[in-house]
Structures are given as C-alpha cells and as structure tokens.
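Scroll down for the structure; my scribbles are underneath it.
Chain nomenclature is as follows: A, B, C and D, assigned in order of appearance, with residue numbering initiated at 1 for each chain independently.
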Amino acid sequence: MRYENPTTIENAVDLLARSDGPAYVLAGGTDLLVRMKGDDFDAELVVDIKSIAGMDQIVETAEGFTIGAAVPCAALGEHGALVAAWPGVVEAANLIGSTQVQSRCTISGNLCNASPAADSVPAMVAANARARIVGPGGARMIDVADVPTAPGKTSLARDEIIEAISLPKPDARSGDAYLRFTPRTEMDIAVVGAAVNLTLDDEGIVQTARVVLGAVAPSVVVVDAAAAALVGNKLNDATLKAVEAACTAASNPIDDKRGTVEFRNQVAGVLGRRAAEIAYGRAGGTQ
Amino acid sequence: MTFDPSYKEQALKSVGTRVLRPDGVDKVTGRARYGADFNMPGQLVARVLRSPHAHARIIRLDTSQAEALKGVKAVVTAADLPDLTDGDTALFAILDNSMARSKAKYDGHAVAAVAAINASVARAAMKLIEVEYEVLPHVVDVDAAVAPDAPLLDDTIFTTGVDPAPTKPSNVANRSEFGHGDVDAGFAKSDVIIERTYKTEQTHQGYIEPHACVANCNADGTADLWVCTQGHFVYRQVCADLLGLDVSKLRVTSSEIGGGFGGKTHVWAEPVALALSRKAGRPVKLVMTREEVFRASGPTSATSIDVKLGATMDGTITSALATLRYTSGPYADAWAETGAMTSFACYDLENVKAIGYEVVVNRPKVAAYRAPSAPMAAFAVESAIDELADAIDMNSVELRIKNAAQEGTRSSYGPVYGPIGIGPTLDAAKAHPHMSAPLGKNQGRGMACGFWFNFGGQTCSDLNIGADGTVTIAVGTVDVGGSRASLSLIAAEELGIPYEHVKAIVADTSSLGYNDMTDGSRGTFSSSMATISAARNAIKTLRERAAMMWEIPVEDVNWEEGFAKAAGPKHGNRAPLSIKDIAAEAGNTGGPIAGHSELVADGAGVSFGTHICDVEVDPETGSTRVIRYTVIQDAGKAVHPAYVEGQYQGGAVQGIGWALNEEYVYGEDGRLQNPGFLDYRIPVCSDLPMIDTQILEIPNPNHPYGVRGVGETSIVPPLAAVANAVSDAMNVRMTHIPVSPPRILAALNAQAKE
Amino acid sequence: MTSISVSTTINGDDVEFLCNVDETLLDVLRNRLGLMGAKEGCGTGDCGACSTIMDGRVVCSCLVLGAETQGREVETIEGMSDGRELHPLQVKFIEHAALQCGICTPGFLMAAKALLAAHPDPSEEEIRFWLAGNLCRCTGYDKIVRAVQDAAAEMRGANA
Amino acid sequence: MVEVTLWAGLRPLAGNQEHVTIEANTIRELLRRLQERYPGLEGPIKKDVAVAINGTIYRDDWSQSIPDGAEVFLMRRLAGG
C-alpha cells in the first residue's frame, strides 16, 4: 500500500489513473480509516488530497459558495456567511459524528461514501448543490444528487476526484432545514433524514420547494409530491398534512438494525413536515 | 488476634470526607497503565480467529499455511489446550469458551489463534487458517429456544431441578424455584389480578477498555500474566488449572482496569494468550478489538418473564408469582436462578413463588453484569406493581410502602430479613421534592425499587509503616472505581494520621494471599475490613515499640488519635509518641513495623435502592429523553461520598441505557449485527441530565464503620423506572426493554387502533 | 510495505518517525513513540478515548493516519501539564471525582481542553454536546460535566 | 439444635426434606453434620452453598457461630458483578 500526498489536483488524478490496484481518496478519513481496519481491506494506493491548494477553502462568490473537498465540517459551522445562507446544509453537515469527527469529516467525503443514511446529502440535494469533478479530461459539474448511485457506489470514474461542492446563492426569501431521527442525541446514524429548501413570495406563498429524504431508500429520495403540495400555498395545516403524507408515501426503506419499515415511513412524514415548518420560518414565512 | 467486625458508633474524622484519590494524577496525565499499556521484550502480537457461524461443527481445521508464514511464531487451537478440567463443568465451559473444541456455539466463538512478530503478519496468518464448518441450525431467542422443536445446542444438557429427571436433552439447563405460602390461595383472596409477560434484550457491560493481557510462559514452568481484570487471584487460579501450571508459579499482575462491571470477573482469552506464549516461547500480547469484545465477551442474559400479582383493594399484595426465562449463552449457568431469587425481594409477601428456567442459546457465554440478573426481574415486577397501583387507584409509592419488606419479613428467596433499608429509601422517595415536581406535556414520571445481595469474601491487606511514619497499604482487591482512596481513608482513620500520609496500592498475586475479586459490591466492604484489621494489628506493634522505648509495660501504653500515650500517673508526664517517632526507632526496637490481615469479610448485608425518573416522549417519533433522575440508596456508611455518588450515578445511567436503547441485534443468520459503539448505543453525555443522588446511611451491623457495598444496586431499578415513566407519559404500558423509539411508536399505534 | 518518514510536532517538540501507511496516529503514539496516554477503546472513532488535538482541533487519533501528521502540530494528554503543575481541567477532574476507572479520562480532558479554547463559558448543554463523542461508562457524566464547568469558571477567572 | 431450611435444589439430595434439624454451634459443624447425614450434599456444600443466619448471608466464614433459635437457611452461593 502506498500513501501519496500530491499538491495539485492534476497530480492526484494522475496517481489514481496510474494505480494498478484498489485506490482510495483520503480527505477527512472518518469513513476510509474505519474501512482500513477491516481484515478484508485491500488497497494499492491512498491519495491524501489535503495538501492540494484551495482544497481547505470555503470561497464566497457572486454565484454562491464553493466548499473545497477537504474542508472539515466543523469549518462550515464557523463560516458566518455560509451559516446565514444555508443553515440547513450546515446543520446537516454538523450532525455527522462527534466533535472529533467534525474536525475531520467533509461533505465531499460524506457524498462519496454513498451511504443511504448520509446526513449532508439530503440537505445538499435540497439546496441544489453541485459537485465539481476533476478527472484526466478536465473538470465537469454535476448535481450532487447524481453522485451516489447505490449504497457504497458513485458515478465517479476511478480516476476522478470531487474538487469542491458548490451551493447557489439563496434567494432573498428562502430557507432550508434538515432534521434527522436518531435514538441518541449524538453519535448516531440517521434512521430517517429529511431536508426542505423553499422560497416564498412577499405574501408568504411558497414559490419553489425541494423536499428530500435520506435513509429511507438506497439513495436519497426527492419527494416531488411534497414539493408540489407546498408550492402555491402558505404553510397551513392542510399543506403540512399533505407534505407529511407525501413523505411517508415516498419513503421506501428496509427493516434493519436501526429501524423498521413502519417506523421509518411514519417518521419520514413527521420529519418532512417539521423540516418544512423550520424552512418556512427561516424564509420569513409566518404560519 | 480475632477481628471483631461488629459495628460500633463512633465519631469519624477521615471516613466520610471527599479527599483526592491517590491514582488521580496518574489517570489525568495518561500515565496510569491499563491492560494494553504494558510491553515485554520480544513480545509477539496475538490475534484470534472467530467463527462466523452461530452454530457449526468444526469438520476440519488446517493451520499449516499460517504456521509456515514468515514471522508467525505459534498457532494454537483447542488441541493446544487439553482438557484438564476433571469433570468440573463450570471450568470446562471457560475452556470451551476460550477456544471451541468440536463446535462453534455462537458468532464470534474462538476457533484458533496466532502469535506473530507484528499485527500485519498476525492478520495475514489468520487469513491462512482454513476452517471447514458444518453449519448447524441455531437459536438465539429465549422463547424460541424453549420451544419443543428448537435446535438442540448440547445433547449432554438434561434439565436439572425437575422431578422425575428428564430422559431427553433440552435447551433448558435448570429449573429453580423459590417462595413460600400458597400462591393459588393468595390469588383467590385478591380483588385485582395483574398478569403480563415482559421481555428484556441482551446488553453488554460496555466497559471502554477492551480485554487485554500480556502473557509470558518461561521454559522453567514459571509464568507471568499482566491483565486487566476484576480479580487477578481468580484469573490465576483458573488459568493455572486450565494450563496445568502450579498456582504459585503463575504471577498475575492486575493492571489499572478500564471498567469491568462484572465482565472482567470471567476469564476469556487469557488461557489462549498463555498457550500461545507457551508454544512460541516468547511473551504474547493479546488485545481484543471492540468487535471481539461485543461478539465474544460479556453480555448479560436476554429474558422473558411472566408476572402475576394479586391484591386486595386496600393495597395488600395477596399473591405474587413469576416465571423467569434467562439465556445463559451456550453453557449451563445460574442466571435465572439469581433472577428468581431477587424478583420479589423488596416486598413482604404472604404467598410468593418465583420459578427460574436457565436457557442455553447460540449467543456469547453470559457474564455477570452489575447485580447480575436482578434488573430484568425488577423490570417485570416493578412494572406490574405500577400497573397494580393504577388498577386499585392507589399511589404507587404508597402501594410499595404498604408492601415493603422490613426487619422480620420472610424474604421471597428464603431467609428472614434482619435490619434492612427498603423502607427508608421509599420514605425518602415519598418526601423527595422530585416526587411532587410538576410535569409538562408529554412528560411522565416513574419509580422503581431494586434489591441486590452484596458479598464479602476472602481478603488480605498488608500495611507497612515507613521510617518517616507514612504508611503504605497493599491490597489484593482490584480497585475499579476509587477504592484505594477509600482504603487510605480507613487506614488513616484507624491509625489517627492524615489521609495524605497513606498510600494504597493493589498488589500482585505473589505478594499477598488469595483475594476474591471485585464483584458483588465487595471491594470497599471487604478490603476496608482487612485494612481495619491490619491497622489494628499495626497499632498493637506500635504500642509494644513505644513501651520498649519508654521501658514500661505495654499494657500501660494506649493508642489515641495517632499517638502512643503512657497511661496513668505512674509514668510521669511523658510526651506522647507519634507514629513517626516510633517508626524512626523501629530499627532498634525490633525491625520494620507492619500490620497484616488475612480474613473472610462476611455478612455484607443486602442492599436496596429506590429511583425516580422523569421522561419526555415525542409522541410522533417515540424519542425519549430522561429529563430528571434521582437515586436513593442505603450505603451503610459512605466512606468517600463522592465515589458513592459516582456508583449511584454510573449504575443508574447504565440502567437508563439498557432501558432506552442498548440491545444485541441478531440477524436471521444468528450473527450479531451491531458489534460496535456506533450501533450498540450506550448513553452519551448529551442524552442525559444531571443524576441526583441521596445517600442514606443505615449502619451495617457487620462492619466496624457500618459500611455496606454500594456498587451494584443502582443498576437494578432504572429499567422499570424508565419504562414506568414512559408508560406514564404516553398512557401505554411498555413491556419490552429497551423501550426504543420503534417499540414506543408501535405501542402508540396499537393503542390508537383500539 | 514501505515505511513513510514523517516529521511533525508533538507537544511542542519536533518529532520524526517512520510508519506504515495503515498505521494510525494512535498506533504511532502508542507503539512507536511510547505516548500511551491515548487509549484505544474502539478503533473506529466511536468512543473518543484516543482524542488528541491536531492543529487546534480535537480528533480521534484512531481516525488519523500517522502519515497525515507530516508538518502538523499534535497535542496529547502527555503535554497537557508541564509535569509540575496540572492543567485546571486535570485538577478539577480529580477534585470532582470525575473519573472512576479513568480509561476515558485522557480523551475527555483533550476534548474539554478544545472546548474551553473555543467556548470559554459553555452552557451545560454545550458541554454535553461537545463531549458526546467521548464515552464514559462509569460516571454517568454528571461529575465530568461539573468538573468542566468548574474548570471553565476558574480559567475565566485566571484570564480576567 | 438448629433447624435448617434447604433451598429447593438441595431437597432431592436430602431425602426431599425442606427442613432438617441438626445439632450445630457453628457453620462448620452444621455443614459437616449435614454432609454426614446426607452424603449427596457434599458436592453442593463444597462449591455452591452459602448460609444465612438470621437473614445475614455468609458465603465463606465457617467459624461463624449459630445463636440459639437462629433462623438458618442454606442458599445458593451467588456471583456478583
């Protein structure tokens, strides 16, 4: 096994391209190192991307925010402008693991680990986040939603690396929120996650909405029916009920050690509704 | 000199103060050495290969490729641990559990082990061991295991305790029964009957330090073992028996121990480490991974318990019956029996019967866990008591007070009680402000009582007085939670010197006589007894030396508050001699001054506690938060109150974790699905409120200072206290521990449908 | 497996070591540098017993490769006091009986140190959530939280 | 004379009796005489037995004296955590 610590992304991509065995990208390492402990883990190459210039930067531009692939989640919560713009995304990122894990884990890594229960992914998808992917042929931008394809699998080629995640500049009257259910208050994996991002007009009527569930299907579920229930309405009991019903209906989980199908379906509705209320409030809406 | 352990009321100076613990600095600076913090020259690294099957016959085991790997110095299997147990079934279970002989009996059962020059080689070697299994049908659930068509674990197990003796083997290893009176007649007299079945899931002690040891067998038949254990003398005995070593030639040193809670009273992989060292001819370090700890050490029983209570409308419980089924892992043991004994111990019952069934299943060998077997029985009984209170419209504290056992009550497990503390804890609970504090929306309050036997046992203490008059005490009872501070306080009290002049250590097995392990809440109770006795023996010597220095008869020398004083006017106005004065002359008055004690500390006295718990439940998700918690327990005498509080708080929180989220989750394949701290959810800091404590001090008549064991009882009431609080908040009875969010939501949904 | 040469700073001292790729910082501290104060409770970042501070942030040293510490600054429990005088957190942990078995204590102290550096006056809730990655099975956390509160107060007083 | 109550598991080894009357002043005497009368009890007494005298449980100390009229109970020797 080799460890490489390149200083340019081109170099990193080249190392991955030329590796002749299993190769892994190391950013925060909070998932990779756990896998490395397994007796069946095998790798030819580990490429640490933290020495690449800019990887640890959050950049605010006219279009929004660019979050380097090596930015630890704790740094998101320390970035005032980002917290103000995308509180739901930041909350989701800050729910991953413990304080110690926060010091290391990244939203790019959370995305590439492709766990159905990843906390930051539903929030990023709701926020229309995009990933900048660099490979031998240069860079491309894709929707974050298109990165994970199945549990543990992504659409990235073996010689591609996420360089950064981009979040758009939020509209004036918009808000996002992420809630998850875990049995413990911390140090837990989402049994259900729900993210909502919406914009309002001056009357408080929802103009656009995205409702996304995590941990209830192999990948995140974008609940169009819940969004449709919100758009054109204020947040009243009927709307909330419709959001809840749509989320429960869209939930397609399995029974496992963390929760039952019945439990997840029900809680998906509850969290979808509650996240919608928080997002609505953040957008300036009053119920 | 015979030691009189009986209680004498006296003013205490040191005992009862909150001094700084002697091992504190080592532990806050990272210098304290735990099981994995010790190394020997030339040490090898051990790894254990474990069964991936819940139940499988080992058809073929080929270690030749692993042995041929460069850097591998030994590979052992059951063949390297020949059966020397001579018909001792308990010892054989330890042997078979340490290394599977013909069958792997649970997911994680050891089948082979390697010792290599480093971890990478050991890991590679493990992969080269070939094991061919014949997978057998398995059973992990307690109720499924007693079904007539259940897969049989062991065809040598025939249910004991039934008449006539069965002719067919069974997964029920033993039936036991306790009680008195006529339960049928009692039920006939009752106005109300509550009858329910309860279940509790298997939990792990969850000590943060994995099992770890360094074993060294020398060519001359001597051996050393450095190990984290609750009882190094017991480990020495068991390992010597299993390996055919002379007891005196195996020296076991107990490291600092990173939590045990019963799980480190049992021998696990230590015989394997010794066998590897014996075969390799080099020291071997064996440290379990966290996954191994969950899969192959610890846990407590999973249970299924039927309770039937009958009462008259005035709140008199006329009859109580419980049938308790406890898993013991794949080996016969006595966990259900203990559960049956404790189930109704808090109450004064005219008619009571408790029947225990010991059930073998394809799960890890059950280990003691803090008041082993009592919390599950208390969950069932205390839940039923709460329901009974509702049924007769009586306050649940009043109902418990009305039926509480007291001095003279015949206990449900047999003997008549002497002075006991259940009544005072209930009175304190009734009067506690927590009991009457207002509750908000979706909040509920529960209470429960708990009982545990405490133990004493064989104990040694060596007390040596240095030339400067300061004192060291060496004890053989492992310090798991601050007992060195308590014992130093005790020595200071007896000798009449400042606490700071005493230093306590835990000695290895070659330095003292046999000591029982730190279990049964016996650590401070027993070792304090031995320390008092040793100190009194030292005082006798100090008086003799003072007499010699003064050239007066020893009868005329008194020991008062740390000084030898010449008695009466005939010796003039001699200035009292301090320990330091006497110690300074020791070389000329007969040599070093010491006090020793080897004794059996018996008569520990049973223990009771009452807990009050408030929870808030989210009715839409089943999420439960404990928002207030109070522990009331009798300590006899709190030697170091801060560490008594710590025992109360720690036990309560373990019980809260058990009640809310902790459980072993098995798949259809019989494999454990959550062998890690991420999915085996012990409480984290943000899950909890402060845990309030109230220490009652009702002196134990069988200890000079009235000390009672305090370590275990605090885990007994929380399961029921939490479940009762959830039931109160949601108005739905929770009968399955843990009351996890899916179970609560399912119960609420079922109620809504009715 | 080829060893990697790493130069780093540990507790203010320049340190060089060789390690394999799959060796964690925890492995390096314990097995190569003799710094055994960090404990391995799980090896998967779930218990916090191996907490150390790297470039000012508290991390699980079992989730950091030894190779990654090149050019970084690492603080371990061994560097918390200067050897003569204990850090206020260490003093308060002993005074409040905030440890029983003590295996989690070095990790709690490192995490609490990072907490008080970021939040000198934390609420009880902030303390509890910050320390949620450090498991303690003995104390029920009550006395740990109180010790951190008391140390924070004392440190604020000293800095006032 | 002491009347000893046996726990249910022991009774088959002692002629199915729940109560046995024995002349004994100490636990040692009690256990010795019990074994003499019921040899089947030898195994359990060696390994599994504790004696409760007036409610106080003695697991080990054979020197403990048994007062006149004391309530004596043979119990299983239990393990703790």
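Methods note: contacts are C-beta pairs under 8 Å (C-beta built on N, C-alpha and C of every residue); 3 or more make two chains touch, one makes a residue touch a chain.
Remember, it's a predicted structure, so these values are computed and weren't measured experimentally.
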Chain grouping by contact, computed as though chain B were missing: A, C | D
Whole-Å gap between the CA centroids of chain A and chain D: 68
Chain centre separation in whole Å, for chain B relative to chain A (CA means): 44
Computed distance of Cα centres, chain D from chain C, in Å: 54
Mean-CA-position distance for chain C and chain B (Å): 29
Multi-partner residues of chain C (each touching 2 or more other chains): 1, 20, 22, 43-44, 46, 129, 131-134
Two or more partner chains touched - positions in chain A: 185-187
For chain B, residues that touch 2 or more chains besides their own: 205, 261, 677-678, 683-687
Pairwise chain contacts, counting only pairs that touch as defined: A-B, A-C, B-C, B-D
Of all residues in chain B, those that touch chain D in their complex: 160-161, 163, 176-178, 205, 261-263, 265, 334, 337-338, 341, 368-372, 411, 413-418, 420, 452-458, 519-522, 600, 602-606, 702, 711-712
Chain C - residues contacting chain A, complex: 1-2, 4, 20-22, 24, 43-46, 48, 51, 54, 57-60, 62-65, 67-68, 70, 111, 114-115, 129-134
Touching residues (chain side chain A, partner chain C) in the complex: 1-3, 5, 26, 29-30, 33-34, 36-37, 46, 48, 50, 72, 74, 97-101, 103-104, 185-187
Residues of chain A touching chain B in the complex: 39, 181, 183-189, 191, 256-260, 262-263, 266-267, 270-271
Touching residues on chain D, where the partner in the complex is chain B: 5, 7-9, 12, 52, 54-61, 64, 71, 73, 75-76, 78-81
